[in-house]
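These are the structures, in structure tokens.
The following pair of complexes shares a single chain, chain A, combined with chain B in the former and chain C in the latter.
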Partner chain A sequence: MANPPRIWISNEAPAKDEIVRVRAQVVHVMESGLRQDEAGNPIPRDTLERFEARLNEALLLDWQPETAVAQNPYIEFTFRARESGVLKMVWSDASGIFAEAEKTITLS
Partner chain B sequence: MTSCADLTRRRVLVAGAALGAGLVLGRAQAQTSSASAQPDSRESDRIAADFLGEATALPEGLALDLPALGDNPAAVPVRVHVTEAITDELWCEELIVLAERNPMPLACRFRFTAASGSADVAVRLRLIETMHVRALARMSDGRILEARQQITVAAGGCGL
Partner chain C sequence: MNRITRRTALTGIGAGLTLALPGLVKAQGAAAHVVVVGGGFGGATAARYLRRYNPGLRITLVEPATQFVTCPFSNLYLGGLRTWESITHGYDAIRSEGIGVVHASAEDIDATARKVTLSDGAVLEYDRLVLSPGIDIRWGALEGYDEAAAELAPHAWKAGPQTQLLKAQLEAMADGGTFVMSITDGAFRCPPGPYERASMVAHYLKTNKPKSKILLLDSKETFSKQGLFRQGWEALYGDMIEWISADNDGKVARVDAGALTVESAFGVTHKADVLNVVPPQKAGWIADRAGVTNETGWVPVNGNTFESAQVGGIYVVGDATIAAPMPKSGFCANAQGKVAAAAITADLAGQEPPPASFVNTCYSLIGPDYGISVAGVYYFDGEKLAEREGSGGVSPLEADEAFRRAEATYGAGWYASISADTWGTV
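Let's look at the complex of A and B:
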């Protein structure tokens, strides 16, 4: 992928039940569908529709961005580190999976 | 002394600059938009009423952090977090953020689970004009928490 998601995580080796903060950003145009090109034709809507974060199988966050979300959507969230495993993040738009990222979380 | 290679390089640079200027112009022309601000908060209130159902919003337990002045209306940082303790018995199930005057006031929706153990999110929104931003959170015990704050933005730069 030309522009992989940018991920920052406060602690990849948290203590059990520690709150971990994650910041993530993808490059996406978030075209609102409200704009016209120079010929006056509407530019079709192209937005990110879903972001999911899971630790192993457990769903941590399901985010549904709408038109008001800025270009190159940025999301910051926190979760309680209950177990070691893989933090998996998936961004989807109308045509399916747009980007994916993983971070390994190891309880210390 | 100017070599032939230098001349070619210069020509390429000049051509590149011209192309760049053309692109900038093209982008500027593509800025026409049919996006118009909501005249009042009626649409936003309707979405909030849908979310509330039978419940009454409590003005507590939810914090909405946003700047008083959105100097870049195309990306206004907004953070929402539940300030009461999140436990395995009591967590935030769903949270919505409303930009009251935007053409589509529902800015985004979040769902959490008991596994999340937290409800603290931050995003960047585009806001079409000065307005109130409102957040509503449904807790697992059925209560709905609310926060609302005004933000002043420079109009017309949001890129909607």
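Let's look at the complex of A and C:
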């Protein structure tokens, strides 16, 4: 992959139960499969199928981006910091894992 | 003389309709009353074309401002190429056509009783209502950007005091300063507007403060007429304008208007000397009161008539509507005003609406003698609004100076024509 995902997190050392905001963006063409090239041939679908965020094993967010999502999908979400651990985000397409990113969360 | 000009041809069409209708309208007894809320491109046009199509109709135009300042060409005012007076239009011509003009705000709408309550306490009963409410800012949708912030970091996306404030700030800025513009994504008024504004600010700065910079922080990956704008910027302004797209962390997540800083989604802070925020938007709030907006904050309409898809008897035109593939432009509002006027005229006469067709051109000025455009023809295809295949297009990328100069002239001609058509003013 050309560019690693871009990640921003409001606080990597939150107090227990603090609401933490995360912004994440990945470079992806998100080709819908509905368009044609100049010769009239269909351009094959190439989309992200899934985005998953976990804090350790706990699932925070499961998103299935579909064809209406623009290229370079941007997602913003919040979670309650119940424990210290690793915030792991995984983007997948039809052929498996497309990109991954991690941030360490340490309760203060 | 048998020479048919565009103007006489249009008058002829209007006359043809009016000849066909008065008998039917009179058969209803007392003249029907159409109230039009909003005296901009959509509403003023609707009022005047209702009068042309049906001279017997009672028409009231409700508009708080006694003088309407247009967003189109307000960027030229910022660039020093237009006076304030030249983008300001009054309502005398509309009054002289027998249309009642009330300078008040519509404060409530009762769609069941068919009544509009005005800020001066008056209550207007209507047979048909036209809303042309324009846009409102979604205050707070961008963190830190509320009404107080807009007094420090103007949006200038509704022409008026905000536009004058932004110009005053530009004039007060020192040479070598940075003009920062944050640009929203999603649906917003005038898709090429931010980039024409950047061009006109660049013209002003190049002329008066050539060491200054322009930074465009965009929540989008691409923009209207992008190739043409970037080519023009390079030709006229060198590297004065820097554009940062969303995938390069251009999306602004937070505004600190007091400090004149913005923070990008991924945590980069940019400092401005003049900060202009093109913020998230929605339909003008009276549309909410009328119950015609949906969960998007905009107004779904029947594309053949521009009658609300949610509330019968209310027609909505202009930037407030969901009219894609038509852009939110003054020209589209003008075209939609005519379609709504024709549909209302037919409806009051118990007839089917005529087939809807629309035309739009957006001229943008990059320099005083450097114009570009995008145009399209739209129609209702039986289910939805669609662009007429093979119509319209954008200015070519390969064009000489004479071509760009000609388009700058056409743009000025367009403004004179649309002003005459909408307000009867020059």
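Convention: the second predicted complex is superposed on the first by the 107 of 108 C-alpha atoms of A that agree within 3 Å, B and C clash if a C-alpha of one lies under 4 Å from a C-alpha of the other, contacts with A are read in each partner's own complex, and residues count from 1 in each chain.
Throughout what follows, contacts are C-beta pairs under 8 Å (C-beta built on N, C-alpha and C of every residue); 3 or more make two chains touch, one makes a residue touch a chain.
Note that the structure is predicted; figures quoted are calculated from it, not measured.
*Asks:* Consider chain A as the common anchor and indicate whether chain B and chain C clash or fit when overlaid.
*Replies:* On the superposed model, which is not a single observed complex, chain B and chain C clash.
*Asks:* Tell me which of chain B and chain C touches more residues of chain A.
*Replies:* Tallying touched residues of chain A, the top partner is B.
*Asks:* With both complexes overlaid on chain A, does A:Ile7 touch chain B (first), chain C (second), both or neither?
*Replies:* Touch partner of A:Ile7: chain C, not chain B.
*Asks:* A:Leu60 in the overlay: touching chain B, chain C, both, or neither? Say first, second, both or neither.
*Replies:* Only chain B is touched by A:Leu60; chain C is not.
*Asks:* According to the stated criteria, A:Lys16 is in contact with first (chain B), second (chain C), both, or neither; which is it?
*Replies:* neither
*Asks:* Considering only the touch criterion stated at the top, classify A:Arg45 as touching first (chain B), second (chain C), both, or neither.
*Replies:* Neither partner.
*Asks:* So in the superposed three-chain picture, is A:Asp37 touching just chain B, just chain C, both, or none of them (first/second/both/neither)?
*Replies:* A:Asp37 contacts chain B only, not chain C.
*Asks:* Does the superposition put A:Gln71 against chain B (first), chain C (second), both, or neither?
*Replies:* both
*Asks:* Among 63-71, 81-89 or 117-125, indicate the stretch of chain B whose C-alpha atoms run into chain C.
*Replies:* Stretch 63-71 of chain B has C-alpha atoms clashing with chain C.
*Asks:* Which parts of chain A are in contact with chain B and also with chain C?
*Replies:* In chain A, residues 70-71, 74, 76 are touched by chain B and also by chain C.
*Asks:* In their shared complex, at which residues does chain B touch chain A?
*Replies:* 26, 29-35, 74-76, 79, 99, 102-113, 115-118, 120-127, 159-160
*Asks:* Quick one: which bits of chain A touch chain B in the complex? Just the residue numbers, please.
*Replies:* Contact set of chain A toward chain B: 17, 19, 21, 32, 34-38, 40, 42-43, 55, 58-71, 73-80, 82.
*Asks:* Flag every residue of chain A that touches chain C in the complex, lowest number first.
*Replies:* 6-8, 23, 25, 27, 70-72, 74, 76
*Asks:* Which of the residues in chain C come into contact with chain A in the complex?
*Replies:* Within the complex, chain C contacts chain A at residues 221, 246-247, 249, 251, 253, 265-267.
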